[in-house]
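A, B, C and D label the chains in the order they appear, each numbered from 1.
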Amino acid sequence: MNFASDNVYGVHPLILESLAEANAGTASSYAGDDLSRRSEEKLSEIFGREVRAFLVTTGTAANGLALSALTPGYGAILCHGEAHIFCDECNSPEFFTGGAKIIGIHGPAGKITPAQIEKVLKGFIRGEHDPKPKGVSITNATELGTLYSPAEVKAIADLVHPRGMKLHMDGARFANAVASLGCPPADLTWKAGVDVMSFGATKNGAMMLEAVVFFDLALAEDFAYRRMRSGQLVSKSRYLGAQMLAYLKDDLWLKNARAANGLAAKLAEGLRTIPAVRIPNPVQANEVFAIIPRRLNDALLAEGAKFYDWMPDSLGDAIRDDEIFVRFVLSFATPQQDVEAFIALVKRLTK
Amino acid sequence: MNFASDNVYGVHPLILESLAEANAGTASSYAGDDLSRRSEEKLSEIFGREVRAFLVTTGTAANGLALSALTPGYGAILCHGEAHIFCDECNSPEFFTGGAKIIGIHGPAGKITPAQIEKVLKGFIRGEHDPKPKGVSITNATELGTLYSPAEVKAIADLVHPRGMKLHMDGARFANAVASLGCPPADLTWKAGVDVMSFGATKNGAMMLEAVVFFDLALAEDFAYRRMRSGQLVSKSRYLGAQMLAYLKDDLWLKNARAANGLAAKLAEGLRTIPAVRIPNPVQANEVFAIIPRRLNDALLAEGAKFYDWMPDSLGDAIRDDEIFVRFVLSFATPQQDVEAFIALVKRLTK
Amino acid sequence: MNFASDNVYGVHPLILESLAEANAGTASSYAGDDLSRRSEEKLSEIFGREVRAFLVTTGTAANGLALSALTPGYGAILCHGEAHIFCDECNSPEFFTGGAKIIGIHGPAGKITPAQIEKVLKGFIRGEHDPKPKGVSITNATELGTLYSPAEVKAIADLVHPRGMKLHMDGARFANAVASLGCPPADLTWKAGVDVMSFGATKNGAMMLEAVVFFDLALAEDFAYRRMRSGQLVSKSRYLGAQMLAYLKDDLWLKNARAANGLAAKLAEGLRTIPAVRIPNPVQANEVFAIIPRRLNDALLAEGAKFYDWMPDSLGDAIRDDEIFVRFVLSFATPQQDVEAFIALVKRLTK
Amino acid sequence: MNFASDNVYGVHPLILESLAEANAGTASSYAGDDLSRRSEEKLSEIFGREVRAFLVTTGTAANGLALSALTPGYGAILCHGEAHIFCDECNSPEFFTGGAKIIGIHGPAGKITPAQIEKVLKGFIRGEHDPKPKGVSITNATELGTLYSPAEVKAIADLVHPRGMKLHMDGARFANAVASLGCPPADLTWKAGVDVMSFGATKNGAMMLEAVVFFDLALAEDFAYRRMRSGQLVSKSRYLGAQMLAYLKDDLWLKNARAANGLAAKLAEGLRTIPAVRIPNPVQANEVFAIIPRRLNDALLAEGAKFYDWMPDSLGDAIRDDEIFVRFVLSFATPQQDVEAFIALVKRLTK
């Protein structure tokens, strides 16, 4: 019963197979291979327009590189206070951008609102004594397993674009968002004003693969230099291209996401029947966050269940001292029986 | 007939298999998995002492990260003028080190000598108006397919250590060096004074895998932070660990290197019989550099042979205007018949 | 009536004179001159021990450079949420440190407490996914015109030193702190555990002059390189040395600070007699912060008085919507009659 | 007899006076003062067109900041191999630009030629494996006391502009160049295609003052942020503005430069009559470079004369082992009798 993260699970068999298929013969290196090129074409097809797509090996690199195309070192990027770029990347955005300020905003249910962004921007009244706001980064699906709708994304884009700022989407779990909303990828991204995104694949079945996808093509100028300079231009690039093509083929990315989302819904449904457990936010993707008694937490861990606790900052008074905020992440590869067994275990332990 | 680079060839079957083997079940992410840990142990075994080893996905990242542990932004690193860190990484060393100066020295046959290093160091007489020399980086096997012997490495280490400088080895083709010299890896590294190395695997059969290996363990302090911050801490890290274990198992790394070296020797042997072709440096690893007539070069390319020309800077007057300096790289996976066919082709074209 | 900042006032006549005195003849440049050297000696004398002192031209540079000696780019520095390094320097600390995270803590009366620092440090439980805490920076006198006592400084030093962290003091208004506390400079700095400080002079009578003063001499190693690299090694350095010697001579620095502090006390005393005005924090240095009616604020500005409003974050519910938080800064050069006239004006306007 | 540098001499009396004049009353800080604003206007007048001018305290900062407006960290800047930005600034350009590569070209008489630049640019054929060439920086007057004519500047600008590159002029001794050429400042800068320059004043009579002057106004966007972030926005900025206005008033800058140039001409004239001394380059500004016997060098130093030796790289075989290359710098403030006495001394010592 491992709900620690989606990245504790392995690679989808079809993606693994694609690596073997790509292994024959020679191929140009450093993104000059056919598979890398076809990845970009396939992503253009998925998004219903021309995009520029750059394959990299980690989400942290994808985010840092994408942000480096939005802001110089004297700029500022606004994001949620629990965003990966703010909390989990060891100053990586600062590294890639040459020292930009990442400003975390604590918004409801893992999301930041236009009103919150506007309020922060109003504080920038002193010219160069402050950094210059250059962009907003939103995560979709969010770190709390919730979703921005296309309209919510658009409201943010419409707020920041007139100020000369750009909009980045951290899509480490973008597939889960699209699968849940059931909308075309375009609606949630460029049609809603997203300028560049980190298109995640690793958490959802790839081995090590993310793409920086540009909708504002002007931002992609020189991006190949950025990728190279950061050590993210893989020499045997065909194996990134192969992963991406397999990931996108026949909607594997959405199938995997639907499976994970479905398991999350199932887990949430089960936990909601248990009085000791509270689920404060909607469960819209592949994560379930719950407030549970500390004693239950300890007992579950003692039984070998794997999951992490989470910063309770977003809960305010909604959590008591004898409670803990925990996160369960579901993968396409999480065995369904693990979900069922876990619900049964919680029931048993809280009886 | 593809001699463009060792990275145009694929992954060794045993390494590919290891990925599938690693795919079952769950594993801790972010280098917390068993395979990553065992990789470090195995590298310690290979080097005959405790090392700290950090797996990353590209050689550029391995070099940049290693150098960042040697020098602050106000420092200088000396290396060969044709070193990868000087010529091929788009300011990546500058990026990872926060702006250190990389100083290229043009030494004979791809190598720099203690005398050359000493001469450059003597120029640092003006305190903080110059950067502070913090390290030397040597590449072994070199960019020109030659080797530093353990004694040559030691002579450099003995020169720089008393000045508070450290010695880095770019070992993108380290396996080829060890296989060629037939010495224990220890002799060529820490016993000769190397403080940290980039231990390459990608060019020699892995998919995307290098290790930063520390012999000076104090330098490894905080290195986990450096790796994370640069987006090189892979979430599904087991697939790096698996590659490394397969690469080292039963001396696969040396077997591959021997195969590649053997093909290079064979190619050199064949080319040496052809009057129009001159091979200016010893062929000691898996690369053959040759001075050939430009007309021959054009004819070979027209016949579909793949290889690159190389900066002729090291040749001085030894090359004529109607000649060109070209590089042939051999991989463990280069078909032997390609070598034979290529020699035959050159013979035919120069008849 | 200009209370906008201490830097709107000019240079003390004795310091101005020192520039003319220094002007005769030739002098070694780039900090090789006698006046620069004697500045360091004089600072050692003032602090009652050997220090290393590096003269620079701005407080922002002094802070950034000092922090760069404490933390690498993957580190974190904790400070007050209204600290200059957090709020007023346009990512300069990030620039000088190569991307370190500056973490603002909102403590009472412009100060952060050991308990607050400890709580933040307890959040660093995830290794390299977080930056590594490397230092704490406190401002004394604080941004809110309050003071850390030697005991308060020591409590913070004693908390962070065992964790391998260093303590920086932003002493842009250090003279005001020393003058107010009446203690030896040593007691407030190295005897209390400060490792490095920004020793301010500009706000207190110099033209453009700050010193980075090291008590932990090991941290000063290579600092000359840092200063040079950042464009802060002035060629005609004698004019920085001259300023510093004049500033320290016959306790001019303390006399100036006492004068400014005295005016602040006088202003506070006057304002406290006015019911519409509230002074929430102790007035311990040369700044007075007051909560005043917005109408009064507008009226004062309309009368030509100059001062700024300040972030009301520290006040919580103590400020009403029709009120505003304002700052008055007093300089050694502020005319006493301006203080008197201002008090009279406030009285008149609130009658 | 001090010919070590122009910065070993003091501040021109009129500039010193201007500081005292600026000292009365209050003034807005952080470049909001009238004197700073009027400086920009005066520079526009001098250059015969609208410029944006930013005052800073050192030439190293001026250069680094100017270059940071031309190139991102993945870019390259070409310059002469003896340029200050290449040889004398301790990785400061790398620091300010976030890691750009500075490429030194060894051209004749301290200058680089369009042909040399073109040759280097032709080497950039491998896309993102190289940095992207973003600019050229020329120094005028050069480090070797020679001059680029307007036509020579224009030839370089016309070469690089069509490639999307920008042209920077390091004008640490710009006044000497203008005074020597006798042309309008416009002819040597924006009319010849210079996009941004470091306009020096310190060496030529100011205390600590340089301006970054933009002719390509688009490059100046956000530059105020860059200056602030690097700790170069001086709080009591009126004292920079005052220096600049005094420096430009009634052509003081050109008068000082003419004086210094005249002394250099005089020194060169005297030395040319001495058989043991050779002056390899034209003496066009305020510096004289000479090849002299090592014995003479030692004897002159023993007599108390102050001057430095210089890298002999540009001389090739023109210098013998028993000779040394030395530099004499003349200031507006160098006593004429020192020049005469020095010539006499050389004559005496070589008799």
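In the analysis below, a residue touches a chain if its C-beta (ideal position, glycine included) is under 8 Å from a C-beta of that chain, and two chains touch if they have at least 3 such contacts.
A quick note: this is a predicted structure, and the numbers were derived from the prediction, not measured.
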### Query
Does C-D or B-D have more contacting C-beta pairs?
C-D
### Task
Tell me which chain's centre, taken as the mean of its C-alpha atoms, is farthest from chain A.
D
### Message
How many angstrom lie between the centres of chain B and chain C, each centre taken as the mean Cα position?
### Response
50
### Query
In whole angstrom, how far does the Cα centroid of chain B sit from the Cα centroid of chain D?
41
### Message
I'd like the Å distance between the centres of chain C and chain D, where a centre is the mean of that chain's Cα atoms.
### Response
35
### Query
In chain B, what residues contact two or more other chains?
30, 73-75, 89-91, 95, 98-99, 128-129, 131, 225, 228-229, 233
### Query
Where on chain C does chain D make contact in their complex?
2, 4-5, 7-11, 13, 16, 19-20, 22-30, 56-65, 89-92, 95-96, 202-203, 207-208, 225, 228-236, 238-240, 306
### Task
Under the touch definition given earlier, write down the residues of chain B that touch chain C in their complex.
30, 72-75, 98-99, 127-129, 131-132, 222, 224-229, 233
### Message
Touching residues of chain B toward chain D in the complex: what are they?
### Response
73-76, 87-91, 94-95, 98-101, 128-131
